[in-house]
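All remarks here apply to the structure that follows.
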Amino acid sequence: MLQEPLGGQWGEMSVMMPHLFQGWNCRGPQKYKDMIMDIGTEEIAHVEMLATMIARLLENSPVEAQEDAARNSVVGAVLGGSWVEDVIVAGMNPQHALVSGSGAMPADSVGYPWNAKYTIASGNLLADFRFNVTAEGQGRLQVSRLFNLTNDPGVKRMLAFMIARDTMHQNQCLAAIEETAANGPEETPVPSNFPQSLEDGRVSYQFWNCSEDTESSEGRWSAGTTPDGEGTFEYLASPQPISSDEGQLNAVDPRLYGTPTHPVPKTAKE
Amino acid sequence: MLQEPLGGQWGEMSVMMPHLFQGWNCRGPQKYKDMIMDIGTEEIAHVEMLATMIARLLENSPVEAQEDAARNSVVGAVLGGSWVEDVIVAGMNPQHALVSGSGAMPADSVGYPWNAKYTIASGNLLADFRFNVTAEGQGRLQVSRLFNLTNDPGVKRMLAFMIARDTMHQNQCLAAIEETAANGPEETPVPSNFPQSLEDGRVSYQFWNCSEDTESSEGRWSAGTTPDGEGTFEYLASPQPISSDEGQLNAVDPRLYGTPTHPVPKTAKE
Amino acid sequence: MLQEPLGGQWGEMSVMMPHLFQGWNCRGPQKYKDMIMDIGTEEIAHVEMLATMIARLLENSPVEAQEDAARNSVVGAVLGGSWVEDVIVAGMNPQHALVSGSGAMPADSVGYPWNAKYTIASGNLLADFRFNVTAEGQGRLQVSRLFNLTNDPGVKRMLAFMIARDTMHQNQCLAAIEETAANGPEETPVPSNFPQSLEDGRVSYQFWNCSEDTESSEGRWSAGTTPDGEGTFEYLASPQPISSDEGQLNAVDPRLYGTPTHPVPKTAKE
Amino acid sequence: MLQEPLGGQWGEMSVMMPHLFQGWNCRGPQKYKDMIMDIGTEEIAHVEMLATMIARLLENSPVEAQEDAARNSVVGAVLGGSWVEDVIVAGMNPQHALVSGSGAMPADSVGYPWNAKYTIASGNLLADFRFNVTAEGQGRLQVSRLFNLTNDPGVKRMLAFMIARDTMHQNQCLAAIEETAANGPEETPVPSNFPQSLEDGRVSYQFWNCSEDTESSEGRWSAGTTPDGEGTFEYLASPQPISSDEGQLNAVDPRLYGTPTHPVPKTAKE
Amino acid sequence: MLQEPLGGQWGEMSVMMPHLFQGWNCRGPQKYKDMIMDIGTEEIAHVEMLATMIARLLENSPVEAQEDAARNSVVGAVLGGSWVEDVIVAGMNPQHALVSGSGAMPADSVGYPWNAKYTIASGNLLADFRFNVTAEGQGRLQVSRLFNLTNDPGVKRMLAFMIARDTMHQNQCLAAIEETAANGPEETPVPSNFPQSLEDGRVSYQFWNCSEDTESSEGRWSAGTTPDGEGTFEYLASPQPISSDEGQLNAVDPRLYGTPTHPVPKTAKE
Amino acid sequence: MLQEPLGGQWGEMSVMMPHLFQGWNCRGPQKYKDMIMDIGTEEIAHVEMLATMIARLLENSPVEAQEDAARNSVVGAVLGGSWVEDVIVAGMNPQHALVSGSGAMPADSVGYPWNAKYTIASGNLLADFRFNVTAEGQGRLQVSRLFNLTNDPGVKRMLAFMIARDTMHQNQCLAAIEETAANGPEETPVPSNFPQSLEDGRVSYQFWNCSEDTESSEGRWSAGTTPDGEGTFEYLASPQPISSDEGQLNAVDPRLYGTPTHPVPKTAKE
């Protein structure tokens, strides 16, 4: 399960890579680039810590240490007494035995490989800081869950360290969000330099009740000044279509052999 | 390019599906579930709008309308006068001709299929609202870029509508974040009900300068009270390892055929 | 395992999304579009049913309810008495604990995320109805298998409902296939409006025996009138190549550094 | 674009691999296994034909043959006269130059790699024959579209051959479907040996109108005997929920840090 | 676990497909093409062997044979006595029951589907032979690990056969590498016909110590003639940047809404 | 196209990540671990170089600099004079505009995201060094191809540097391979400490001619001592099956609803 905070969607690789790409691509003020690179570099070390921990946990588990116990178990009796049973009993990912030979893998807790779609770097600092604070939150949530899933004091100590750094990085991202607003490069709504006069102002601050019941009218999002300071929330309990377009399509080039609106008898086809 | 806001990582499918799963899985107060379902339902309609627009734009493009123009172009002369040139000249994704027959596809602007890793639903409302505000920001950013990439008034009108709804949804998510903090179910750091006494308090509010230069000391994140109100930022210009562990590993079961620390001569192997 | 009919290749998401895209892209007669949208809409509800059922099953499983039993088991003795053992003993996907916090995920029974390649919408109604009847059959097959894999009466009741709807939808798709043929927009072979005079008529109705033995000559496919009514099956026990082309390739631009047909001594290279 | 019928979702690799796996896994009567292996083997040759054709087309395109023409083009003037412009002008996938060195790739027309999710082999012959007839239909549709996208007589000749074989294979699969029903191993609904008495018979033959308008009542699927011969279609214009379950969830183990239904003040958390 | 050598990254499908594509794309001397096709064809049979073995192992496992044993186990008591427990006890992939109905799947040991990125065919024989010798080595390593994970004599016999063929194919690839160098089409460094005079000769044979400590100076790679016979290894304990470029970026088109280097106050934005 | 050496299968990310994981997981002699970490660290810098170069090339391309030229082109006339045409004319990946806002992306030249399956770390040094020498060869091949695809002197200078480092790293890996054999931890065949007495010795050194023609008998691999020094190549022009097993399967549990060998009439099913 420690693979999840290493190579999962919200694992350390997914904090390291976005920060590196955000930093390398950064065109904003230099203090932001430097700050982003600081975190990205730190996160390389977090990946190393997790990889090392996983490799150590796999050193004597399950193939050797638990052999005697498992051999005598009921499960062992069913399966016939080979290594397979040990791997199964320990809930070990078989690829840790077959593929990595007891090493860490850049994959999550079900063996799904890390991929670069987890790397967000849009060129817009506020858009990306919001992603970063999300990543630090989802990551801290997962590590907190893991903290309760083990009794091993060494593992708990490492996780306590990681939870603390996630506390720091959440705060740091929120501070960076404050800073961008205070200094003006970016505010809500992102991107703030798209002229709001060009958007469809009729619907910019309307809440549409689109599902059954109206409990949604009870929240902060249904009335009062909007967080961007530019509007007032309006609650529409029964929103209506603002266009009568029913979405009908026309025919396309017959050489694409789609089904036409009006059938053509086969005899006329050739 | 309109495929990006339909089936891209930050397109409408990536707003619709997370809201539906967050709503179906919601165990929090009912007003949150209802609000989340309202947006999720609205977003189904956004996907339909984009799909319809794309299908219409493909009705007479490029195979027919531009045929005469392109046939006479320099490019046409090189390629030899078939449909292929039209598809190429128009920058059209060939799968719109071959695979969907002039229909919209659940894929992004380079044809990469949408996948469910874009769907975040963690069971923790604040963690997920932060994802949602990220998605609305990245989405509004991309649609704003697209707005400048077309002269078609009908497309511009639809994009102006979408940008406005992204304005609303950003504000709405920020309001929901305020509300969770005001009412206590969730605050920073996420998850707020993990006891901070269990994390490694020594490093919870330290900024580590891990790359060259110290411009990063100039930001809001390097001094002052932290946004969670629980600590004070401390800036370490030269952070040191807090452990002397060099990460050495031990040998594993020889039946995994890894390379051992101390070589075994082949003659001794069998 | 209930994730398979939710987010697997032939799960409900893979019926919902193709119907929505087929409907939105539909250029055929309106009754087809309306029928397709009816199913697509119904399937959103099926996804919700499964998501809700999974979230409920995860409410007290395995972390709490089975805790006492497992703590005392042989397996528990091996693993040391933490939550991990419970998750393993229950065969629970660890991401249900770590990632979704006891919520349903848009993934299959081994945690592989749903992706949009499962969404087929070609613009040709008969081609797509055949996909739909396949999806309803594969789906009903999987749910039938699941039906035998549980003793829980509530789960069985929901599965019995889904199997019945798959019965309906299989019948409905077959009826739609009949209808397209009766009314002429599409018949076998798909696409029926490609002129068969342009295909290579020599091989249109020949069965080629390409593997050992000739049991394949015993089926309906080796003799008699073909289902499209246009030809007669012919069985070739020893088919021969109809071209003498051995597939040899020529050299390409040397700036691509492929290995040339005739070696170039290195001294001549620079 | 020829990569689509080679390595696309409905390309020849996607016919070859399912047939091989269906054949290797076949437990049904021997004549089915032999027939399936015949097609699977033939399809290996189809993949080879397409790979060879693509490799030949890349022999002098675009880098050499079109060099003079393109160098003088308007586009050439913009881009500055290197190979890049040729690749772009010809709409060539850059990976054909960079990765395969003018060879075919196991990918589709936008460079997305083939993957084994396109391989269906369920162990149920009727379920899989329906997939096969779908694959042959979608494949024939795409090749027919391609046929119109080229003027090259050699390419057209090869495509005419492939369209003809798809005609055969569609007919063959339909014949196999007839045969399974005639001989009883499998009928509609798939799987036919799941006892229908166990499904929720109330909804097995009801059509539910779930979207606006009722054009869907005009089709073969809304009235009359169902294709499986076991029921009668019933059209419900306004279907109602058959359960009053609103999908509310209960709390889960607090150690998963989900947001609870009733907020817990932070002061009480530690 | 036998799925790993079938459909894993280094399984038999990943030897079969690269050889077929390398052979079909081969423009080098005919003896190479013929040799590559020989292996590719043999490997189709290896895939069949593994698929058949897996399908047989799934015939009476776990659903029937182990039923009595498991029903009485401690684990069975916890789970409640349905098939699910059997699947879990046996460590069986649930998709073998739900998706393939006891057939082999084109996926690895954690259910991740095989994909064509495992297929390497670059057009350069030496580059590809090195990939092939890697694949045969990684494959033999995994099968050797599996050999120790079972007690079943039939499975062991098949694995012993596969290990032997991997011995042969490793030797064969190494012999092919020797042959290409002896006959000149390709030598080290690949590609050997790129003129080394065009590369940055200052750094062609320098070892850079980029991590802590200098144990890396003790290897064959830090001194002496280089394997290509063209240079001498030089060890730099403290390598310095050879450029003073700090990677600063300039502003881009403001219509992309990136964050600019110098903040623009919002009032000036519209 | 520069994305290919950055985020492609054989790009710098695919050299950086395997070296980091091989190093972190290394249990072999310390000089190997140190050497591997040296390269891994250097490669982080290569990724940064490419990311910076791409971000700079996107600074004034295509949106501004080429605007005037393209506006007047024939293509511009067809497309109507917006940015879209510029992006298309320049062959620019639309995601560089929409997603990254003129920044580099962790993806290849067709926009396919980098994924961790490109990261090989098996725990066996020789198996992994062979992968590394493959990666350095495929990478140098692709960069050499790119070198010819540009006239930009700055880009050419950077590529010349990378080609030189790939020369070094190929030599370094080959030296490491020599060293492992000289010192005995690993020799051919990998893994060398699996006892060859356990493999099926009958087929360990036989070449099987499995395709038409026998040109394959002309190579080094068909006669003489094998590279591992343990055998002699033997060429079989007509290899025969060594087993009479035809791969027939038996029935499985009927509750999986596979098609049985002998049909069951439907009347007997319920």
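Should a chain be cited, it is by its letter among A, B, C, D, E and F, assigned in written order, with residues numbered from 1 in that chain.
Note that in this section contacts are C-beta pairs under 8 Å (C-beta built on N, C-alpha and C of every residue); 3 or more make two chains touch, one makes a residue touch a chain.
Small disclaimer: the values here were computed from a predicted structure and weren't measured.
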Angle, in degrees to the nearest 5, of the Cα rotation that carries chain B onto chain C: 180
Centre-of-Cα separation between chain D and chain B, whole angstrom: 27
Multi-partner residues of chain D (at least 2 other chains): 9, 24-25, 32, 48, 52, 55, 74-75, 83, 97, 99, 101-102, 110-113, 115, 117, 122-124, 126, 141, 144-145, 148, 191, 194, 196, 247, 249-252, 255-258
Category of the chain touch graph - line, ring, star, complete, other: complete
Chain C partner contacts - residues on chain A that touch it in the complex: 1, 4, 8-10, 66, 69-70, 73-75, 89-91, 108-112, 141-142, 145-146, 148-151, 247, 249-252, 254, 256-266, 269-270
Complex contact set, residues of chain B against chain A: 9, 30-35, 37-42, 48, 52, 55-56, 58-60, 63-64, 83, 97, 101-102, 115, 117-118, 120, 122, 124, 126-127, 130-131, 133-134, 137-138, 140-141, 144, 147, 157, 160-161, 163-168, 170-172, 174-176, 178-179, 182, 188-191, 194, 196, 198-211, 213-216, 218-221, 226-228, 231, 233, 245, 247, 249-253, 255-258
Of chain D, residues touching chain A in the complex: 141, 144-145, 148, 255-257
For the chain C and chain A complex, residues of the former touching the latter: 24-29, 32, 74-75, 77-84, 87-88, 93-95, 97-99, 101, 110-113, 122-126, 180, 183-187, 191-197
For the chain C and chain B complex, residues of the former touching the latter: 7, 13, 17, 20-21, 24-25, 44, 47-48, 51-52, 55, 99-107, 113-117, 119, 121-124
